[in-house]
Amino acid sequence: MNKNRLEAFSDGVLAIIITIMVLEFKVPEGIDCTSLKPILPKFLSYILSFIYVGIYWNNHHHMMHTVKRVNGGILWANLHLLFWLSLIPFVTAYIGENHFAPFPMMMYGVILLMNGIAYFILQNLILKHHGKDSLLSKALGKDYKGKSSPILYFMAILLANPYPAIAGGIYIFVALMWLVPDKRIERIFNENE
Amino acid sequence: MNKNRLEAFSDGVLAIIITIMVLEFKVPEGIDCTSLKPILPKFLSYILSFIYVGIYWNNHHHMMHTVKRVNGGILWANLHLLFWLSLIPFVTAYIGENHFAPFPMMMYGVILLMNGIAYFILQNLILKHHGKDSLLSKALGKDYKGKSSPILYFMAILLANPYPAIAGGIYIFVALMWLVPDKRIERIFNENE
Amino acid sequence: MNKNRLEAFSDGVLAIIITIMVLEFKVPEGIDCTSLKPILPKFLSYILSFIYVGIYWNNHHHMMHTVKRVNGGILWANLHLLFWLSLIPFVTAYIGENHFAPFPMMMYGVILLMNGIAYFILQNLILKHHGKDSLLSKALGKDYKGKSSPILYFMAILLANPYPAIAGGIYIFVALMWLVPDKRIERIFNENE
Amino acid sequence: MNKNRLEAFSDGVLAIIITIMVLEFKVPEGIDCTSLKPILPKFLSYILSFIYVGIYWNNHHHMMHTVKRVNGGILWANLHLLFWLSLIPFVTAYIGENHFAPFPMMMYGVILLMNGIAYFILQNLILKHHGKDSLLSKALGKDYKGKSSPILYFMAILLANPYPAIAGGIYIFVALMWLVPDKRIERIFNENE
């Protein structure tokens, strides 16, 4: 079984997820500068979620690049990941519309945590299918980022009520942690090609 | 005629179908735990339909993998299947919004039945085009799942009024029946590659 | 310049066009059989437009299959076609919501006519780019369907007011005309492969 | 790292961006000619934005055609461009709904300017990654269009208040400037293939 359609389908779903978040921006009624103000929290939450979906696309792209063949388990683990990713637009609108209130911020963390877990399951199935000496296994190394993210999400969920700002800070921190390029991984990829 | 664009177009339509169901989740007004309660039935129906679309994508992926060439009839049988699949988001919202009431549950079954029939037509056209000794023919075997699903959907349609819970149980049962991996099929695929 | 991305982009746009029409089906309020009645005209217009978009995708698929290289003109003629195709969901909702009233039926014909013209322009640019002895040129032959469709659309536009039923009949006739498989074209394709 | 998935993902996002703008056309209530009048400004803004997204897709297509390999920086610069492109449907609806009022016209220019800058960043990263003698470098030449567009957008932003018509004229001018085929670039592409 080849991986091309899995990549194409995932790309399609991710492209839609990242784009339908914009549909939440209702056109403001006024035509002066202040009329855009109510959109500001939605815009900020859109930026954060766009980066998260971008990170998932980026990591998915890298991981699938090392994959040679897929099986039924990997197909379903991938669909399971897409399921949780598809809920990001909902929690994004939820925190944006409620100005980052404690409970919505907690729910945002829950969805990020479920995505982290779903990605972890997918990654492990691929590792099992390809062996310990595979390219992916080398590239991941100790996988500090992958292991620390769920713990950080969990902390954010606990702290979101009554400190939503701290939860928000943690979400931004995790996003930045993944955004910073990982020179070591790219080197391993380049050496092996 | 090659099959690449048929796969790409089907992936695109399936990716959109699976994702637009999320647009039904209107952001709740409250910001506490109870405000999410009205979303629960929609969420449950989303999970069920996500799994069904996932199953169709999975089976479509496997079936098309065995296809070498397509003709006009196959192209239209595929569009016919996509037509019925495109109605799944509608019946999903219908049962979710009406808390799994009898008539909506019946309609959900009707759409699943039409999808099953459309898939059956597509499968038969491909079998006819590729011969009885083809890989697909061997992989399908007696096709117990494919033959029993429409019968189960039909039973659910009859029982949905006045027993929507039984219809729901049948829909969940059929989904699980397809989710359970079919070792025999994967073996046949692997042997032939 | 290769044609792969043009095909991928067109498939994406066509997949979205064919699917967003379903978003017009608002979930009905009642939970009995009669509550689905207001959706019926929308459903009928959806079937018609689904077939039209399917025909365009089918013909586009066949035409692009014969194309070896594209230039800037072909890229823009393709975008021009996608522009008019993207208006089909709008006129579909327009005739469905107004129960096939004269003026909406006229507008439906205008959009079909513009699509026919846009397709004709694209086809001619490709023919010019590939020569009179090309596979596409042979497959098209006298192109009776391509030439008669705009005339039929034009008649429908003129007759829609005050006879919307005749316009509707013409739209159904043209769709059926294209649906009927063209054995001759497939033979030419098969002989040349 | 290959560029295929970057192209596929970008095509998906661009296809969705160009199509969801149509969702803004609410079906008018009347069924005579005048009922379409309120849609006219939305339709005009749709045409303009469709052309802009078409230009970006076209240029992206050409630029990526010359790219041999991508790195993490290019992936993120591409996502950054997609982010600003995803805001085009919002400002399109904003100017359409407010009949091209000064402040919305200014915001339209701001988004176009951000897109121009994002494209410039992506282009420079690709140039840096491929060297000064690359095909892209030759094809761009002095890149008069790429350099003058941001300046023109900036002028439009300054003039939009109180002269929205002048801003609109500038947006139309820039679009036409890119639409006019650049024979020199196609020649360089053709010579090198």
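We call the chains A, B, C and D, going by the order they appear; numbering starts again at 1 in every chain.
To be clear about the criterion, a contact is a pair of C-beta atoms (placed from the backbone, for glycine too) under 8 Å apart; a residue touches a chain by one contact, two chains touch by 3 or more.
Keep in mind the model is a prediction, meaning the values are calculated, not measured.
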item	value
Farthest chain relative to chain C (centres taken as mean CA coordinates)	A
Superposition of chain B upon chain C: rotation angle, C-alpha, nearest 5 degrees	90
Interface numbering overlap (same over half, different under half) for chain A and chain B	different
Distance from chain D to chain A - Cα centre to Cα centre, in angstrom	27
Whole-Å gap between the CA centroids of chain B and chain D	38
Numbers and ranges of chain B residues touching at least 2 other chains	8, 12, 15-16, 20, 23
Chain B partner contacts - residues on chain A that touch it in the complex	1-2, 5-6, 8-9, 12-13, 15-17, 20, 23, 71-73, 75-76, 79, 82-83, 86-87, 89-90, 93-94, 97-98, 101-104, 107
Partner chain B, residues of chain C touching it in the complex	7-8, 11-12, 14-16, 18-20, 22-23, 25, 27-28, 31-33, 35-36, 47, 50, 54, 57-58, 61-62, 64-65, 179, 181-182, 186, 189
